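In what follows, chain A forms one complex with chain B and a second complex with chain C.
Here is the complex of A and B:
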C-alpha cells in the first residue's frame, strides 16, 4: 500500500504536474496572508500537537512530581492532589532502588553506546572497503537485525539465551573445557540461567540492543564515508600515510559531525531503554533489574499507583539526559544554521 | 609474496569478516523463523538442530486460529495496522506543513523550534506516560485505538518533522519561484510543485512513523486494557505464563509481526539514513 502511494506520487510529480499547470493557468490571486505570516501558519498545527501531547504532559509531569497522586486522584471525580513539596524527590533519593536503577541505567548506556558505536563504525568501514556485491549482501543482512521490532528482538535473544534449549549455552559447551574455564571460570554451561540474575539479564540486554542498533550506525558511517572526496585518500597514500593515521587525520575529523549526531541519538535511545528490558526481565517483578524508566513505570502503574513518585523518577531521568546531550545538541544546531 | 596475492588475501579477509558480521546479524532472525516451523520435540531439546527436520505449520496455524489471550493473532495484527496507519495518515499532514515552514522560510523562533524538536525527543516516553494516561482517560479514549493513535502521533511527529525537513530543503527553490512567476498562487505552488517532489521523502518518513507505531509497546500496555484491543507487541507478552513459555507460538507470532517491517525497511532504507543524519553531513 505504501509502495503504491509512492509510485503514484512520483509518477504524478514527474510527468503531469508541469503540463497541467500550463493547461489551465490559475490567475494570480493576491493571497490574504502576508509573507511573514506564512511559516507561522504552517507551524501552528504541528506546534499544537507537540504542545498538547508533549509539552503540556511534560509540565504536568513536573507538577505531579511535587504532589501525591494516587488512586483517589485518577478515579472519576478525582480528589485534588496533596502538595508534597520535595517529598517525592527525597523519597526517591533515599530509596535503595534509586541507586541500583541509576547504576543499571548508566552502566548499560555507557557500555551499549560504546560497543554500538565501535562495532557500527568498524562495519561501516568494512562496507566501504567491500566490493559492490558483497557490500549489498551485508547491507541486506544487517537490515534484518535493524528492522526486527524491539519486542521481537528481546524475545529472540531470550530464546537464544534460554537455560536449557538455548543456542548460546550449547555453543559455550562446545568450547574446549580448558579455554572455557580460563576465560569464564567454568566449563559446563548446561542449564545456566541467564535471565534470573540482574547482572546476566543486562549481559543479554547489551547484546540484544547492540545487535539491533549497530546496523544504523554502520549504514550512517558508510553514507558519511561516501561523501569524503577520494582525492584526500589518494594524497594520503602518496604521502605514505598508514591506514591508522589516515583514519585519525582524514576520516575521523571529516566524519566528526556524523559521529556527534550518532552519539546523541544512541545516548537518547539507550538511556531510556524500556521495551527490551521489560521483556527480558519478565515484566515488573525483578526489582533489582530495574533501570530508571522501568522503575518509574512500575511505581506509577502497578498497584497501588504512586504516580507522583513515578513522575519524580521520570523528571530525574529527563534532567540527566538533557545535561548529557546539551553540548552535542548545541553543536548540531550550529551545523544546522550553516547548512541552509 | 607478489602484490597480487597480497591483494587477494586482503580481499578474502574482508569478505570473511563480512560473512561473520552477516551471520551475527541474520542468525537470530533466522532462528526465530526456524523455531516457528519446528515441532515441539525439536524446539525443547539441548541438541542444536540447525533447521526444522520435520517442518510444521502447527504453530503458525495455532496462533492464527486459537491465538493468545482469547483472540486470534489476526485481531492483534489488525489493531496494530489500524494504529500504525492512523498515526501515519494524521502525522504526515502535520509533519509536511511544519517541515515546509522550517526549511522554506527563515523566521524568528526557527532555531528555537528545531531545538525544541530535539529536546522533546529526549524526554522518556515512560515519563509522559503518566500525564498522558490521565489525559486519555479523561477524554474517554481509554481502551480505544484512537487514543493510542493520538499519542503515537505526538511521539512520532518531532522526528518526522526533523527527517522531512531535509527532503523539503533538497527541492530546488527555483522551481517554486518559476511557478510563482507563471502566476501560480501559494497553494498551487505547494500542491503542484513542491508536494510531488517531496512525496518520496514523505513516504520514507511515513514508513518510519509506521514502524515506530507498529513496534510501540509501553503506551499500548498502559492505554489498552481490553484484550480484543491489544496490539501485537502487547499480545506477544501473553505467550509467557508464570511457569513456561510457548516458544513455538511466540516465534510464529513474532515472525508474522516482523515480516511487514523488514519489507518496509528494505523499501526505504537509503532515504531513511539520509534523513536521520541530515544536517551533519554537509553537501
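Here is the complex of A and C:
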C-alpha cells in the first residue's frame, strides 16, 4: 500500500521489518516439508472453509439459476430439477421489475457511497484535529451507531419518520412556515407519509444506511491520517497552504489507497442492502421499492417459491458487484505499481 | 454490523445452499409399519415420542389452555408428548417454505383453508383420505365444508373451524361519541370520520389493510357491489377486476384513505396483525378481522382494551339491505408430508378435529364450529351472531393454486391500491393493469 510505501521511502520503519526478518530466518523445518510448500499447507484450512461456506453455495446458486427449482426440488428426497438453459435470465431481463429494481439498486448505491465517503472523511478529519480524550469519546459514540444491528437501525428510523407520531414531521412542522415553504414548497407536514412512495422510502433508507456506515469510514480515515508524517503538514503550513489545498495536495494523495479500499467495500455493502429496506418498505408488498436483493428474496421465498428465478437475480447482482470490484481492484494494483 | 448486513443479504444464497445440502443426508427409508399398528392407540404405545404441532396466530390464555388440555388428553391416549409452536399468520407461508426446504418442519400443522391447494401443489401435505373416511366424527361434518380440502378427489386436511370476517370496533368509543353500528357504506365512512375527528389524526377510524392479507379486507366491498376477482371460464382464468362491481368496491376501499381520510396515508402496507397491534394501542376504531383478535388484543393491551370495549358488526352492503359477503375462511388441520411418525400424527389429527376438541377449538378461537348441532347454538349468541349471519353469504377467493402468488407474493391489488391512493394511476388504469397481471399469474403452469 501506498502509506507503507511512503514509510519505506523515508528509510525504514515498521512495514519493512517483517521482510527483513523473513530473509534472515534461520533454516529450521521440523516438519520436513520443502520450503515452497509451507505457505500452501498453512493456507489449506482457510481455503477449505472458504470453499465449503462460500464457493459451494455460490456454485449451487449458479446451478439453480439454470433450473426450475421449487420446493419439490430441494426438499429431502428431491425430484430432479428441470433444466431451463437461459430462460430464468431472459425472464428476469424481460420483467418490468428488473429495471425498477436495477435503477433503485444503482441509484441508491451511488448516492449512499458518495454521501458515506464524504461524511466519513469529514468526520475523520475532525477526529484527527481533536484532542485525545474528545477524539476517543467521539469514536466510541459513532462506533455505537456502526455496531447497531441493521434491523434495529431500520426500526429506529422507521419510527422517526412515522407519518403521525414521528419526530421528523413534528420537527419539520416547527420550522417557520415561510422558511419551510421556501425550502420544501410546503409548510404543513402533518401526516406526511414517508414510507409509501419509493422515492421517499429511499430517502429514509439513504439516511439510515449513511448513519450506520459513516463511522467505519471515519475511523479508517482517522487511522490513515495518523500514519501521515506530521512534517508534511508542518511544511505545508510554512508555505502558507490553505486547509483545502493541504487536503488536496497531501492528505488525499497519501490516503488514496485507503479511499480505494473503502470505496470498494462501500459499493459492495450498499449494492446489496436488504434488511433496512425490508423493514422500511414494510415487507414485500411494495414492488416499486424493490432493489435486486429484495426482489430476489421475494421471488425465491414467497409462495410459490421460484428459487431458480430468484437465484438468477442473485447471480446478476453478484456479477454486477464482481465487475465493479474487479475494476477497482485493478486500479488499486495499478496505482501501487505506478508508485513503485 | 457489516457482517450482519452481509449475512442478511446473502441469505438467499445461504438458505438455498442449506436447503440443497440438507437433501443429502435426510433421505429416510420408508417406515415399515410395526405389527402393532393395527392395535388401537389405547395404551401408551408412543411413549417417549414427541409430536411437533404448529399453531397459527398469537397464543393467548384461552388458546394456551385449550392446547394444554388437548395435549394432556393426547398424552393419555398415546403416551406421546406434544411440542406446540405458535407461528404468526403473516409469517406462515415463509415458515412452511423454510420447513419444506430444510426438512425440519412440523408433524401436524394448522392451515388456512384457502392455502391448502397451493401447498398440496408443493407436495407439502399428506393424503388423509383414508383417515377421514375411518373416523366417525368426521362423517358428521357437512360435505360442503370439505371443498377447500379436497383436491382431485383426495382429502389433504380436516376442517377445524369455520371463519369469516366482520368489523371489530371500539364499543366504548361508539358509545361515547354516540355512533350506531353502521348499516350502510355512508354510515361507515361517517363513523370513521367522527372517530378521526374526536380521537386524533393518528387514529384510523376504519383501518385500511394494504399488507399481505389485504384482500380479506377489500373483498367484502367488491363482493357486495356485485364484483369478483376472477372466474374460471372456458378452461382458463378470466380476470374480473375491470367490471363495474369490482371497480365500485375498489374505489370505495381506496377512497377510505385517499378521499375520506378515515385511515392514515402513512400506513398503506399494514396487515391485519399490524392493525390489531395499533388497535390494542388505542389507535384504531374499526377494522376487518376475525373473532380470534379479541383475546389477543385484550392481552396485548394488558387489559386496557378489554372485552367490554370491543364488539363486532357485520360489514353492511352499500345500501344497507344486509351484510356484505365476507371471505369464507376457516382453519384446517393437516399432516405434514415429512412427518416423522405419520401414524402418531393421524391420531393427533383425529383427536384435535374430532367432535369434542374440534368444537372447542372453534369456540375458544372465536371461530364457527363445523359440527351442525354446535353451530345451531351460535345464532342466539350476541358475540357470534354477526359471524354466523355473515357466514351464510360468505364467498371464497379464486380456487387456483396460483392465487397465493397474486394475493401475497406479487401483491397485485395492494400495489394497484397504492398507485391509486398516491394518485399515480386512476382507478381504471390501475385495475386494467392489475387485471392483466392477475390473469397471467392465475393461468401460469
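Worth pointing out:
The rule is short, and it goes like this: the second predicted complex is superposed on the first by the 291 of 340 C-alpha atoms of A that agree within 3 Å, B and C clash if a C-alpha of one lies under 4 Å from a C-alpha of the other, contacts with A are read in each partner's own complex, and residues count from 1 in each chain.
Here is the rule we go by: contacts are C-beta pairs under 8 Å (C-beta built on N, C-alpha and C of every residue); 3 or more make two chains touch, one makes a residue touch a chain.
All values derive from a computational prediction rather than experimental measurement.
In the superposition on chain A, A:285 makes contact with chain C only, not with chain B. Within the superposed three-chain model, A:312 lies out of touch with both chain B and chain C [touch as defined at top].
When the two complexes are overlaid on their common chain A, residue A:201 makes contact with neither chain B nor chain C. Of the two partner chains placed by superposition, A:81 touches none, neither chain B nor chain C. In the superposition on chain A, contact of A:172 is made with neither chain B nor chain C.
Look at A:113: by the touch rule set out above, it reaches neither chain B nor chain C. In the superposition on chain A, the chain among chain B and chain C reaching more residues of chain A is B. When the two complexes are overlaid on their common chain A, residue A:303 makes contact with chain C while staying clear of chain B. When the two complexes are overlaid on their common chain A, residue A:64 makes contact with chain B and with chain C alike. After overlaying the two complexes on the shared chain, residue contacts for A:216 are found with chain B and with chain C alike. Overlap of the chain B and chain C contact sets on chain A: residues 56-58, 60-61, 64, 74, 146-150, 153, 162, 164-165, 190, 216, 272, 274-275, 282-283, 293, 296-297, 300-301, 307, 310-311, 314. Against chain A, in their complex, chain C makes its touches with residues 1-2, 4-6, 8-17, 19-20, 22-23, 26-28, 90, 93-94, 96-98, 100-101, 103, 115, 118-119, 121-124, 201-202, 210-212, 214, 264-271, 338, 401-402, 404-405, 408-411, 414-415, 418, 421-422. Note for the complex: chain A touches chain B at residues 2-3, 5-6, 9-10, 12-14, 17, 20-22, 25-29, 31, 33, 36, 38-40, 42-43, 45-47, 49-50, 52-58, 60-61, 64, 69, 74, 123, 126, 129-131, 134-135, 137-153, 155-157, 159-160, 162, 164-165, 167, 169-171, 190, 211, 215-216, 219-220, 223-224, 227, 257-258, 260-262, 265, 268, 271-272, 274-275, 278-279, 282-283, 292-294, 296-297, 300-301, 307, 310-311, 314-315, 317-318, 321-322, 325, 329, 332-333, 335-340. Here chain B touches chain A in the complex through residues 11, 14-15, 17-18, 21-22, 24-26, 28-29, 31-32, 35, 43-48, 93-95, 97-98, 100-107, 110-111, 113-116, 118-135, 137, 150-151, 153-155, 157-158, 161, 169, 179, 182-186, 188, 192-193, 195-197, 199-200, 202-203, 206-207, 210-211, 214-215, 217-218, 222, 232-233, 236-237, 240, 247, 250-251, 254, 257-258, 261-262, 264-267, 269, 273-274, 276-277, 279-283, going by the rule given at the top. For chain A in complex with chain C, the residues that touch the partner chain are 56-58, 60-61, 64, 70-72, 74-78, 146-150, 153, 162-165, 190-197, 212-213, 216, 269, 272-275, 281-288, 293, 296-305, 307, 310-311, 314.
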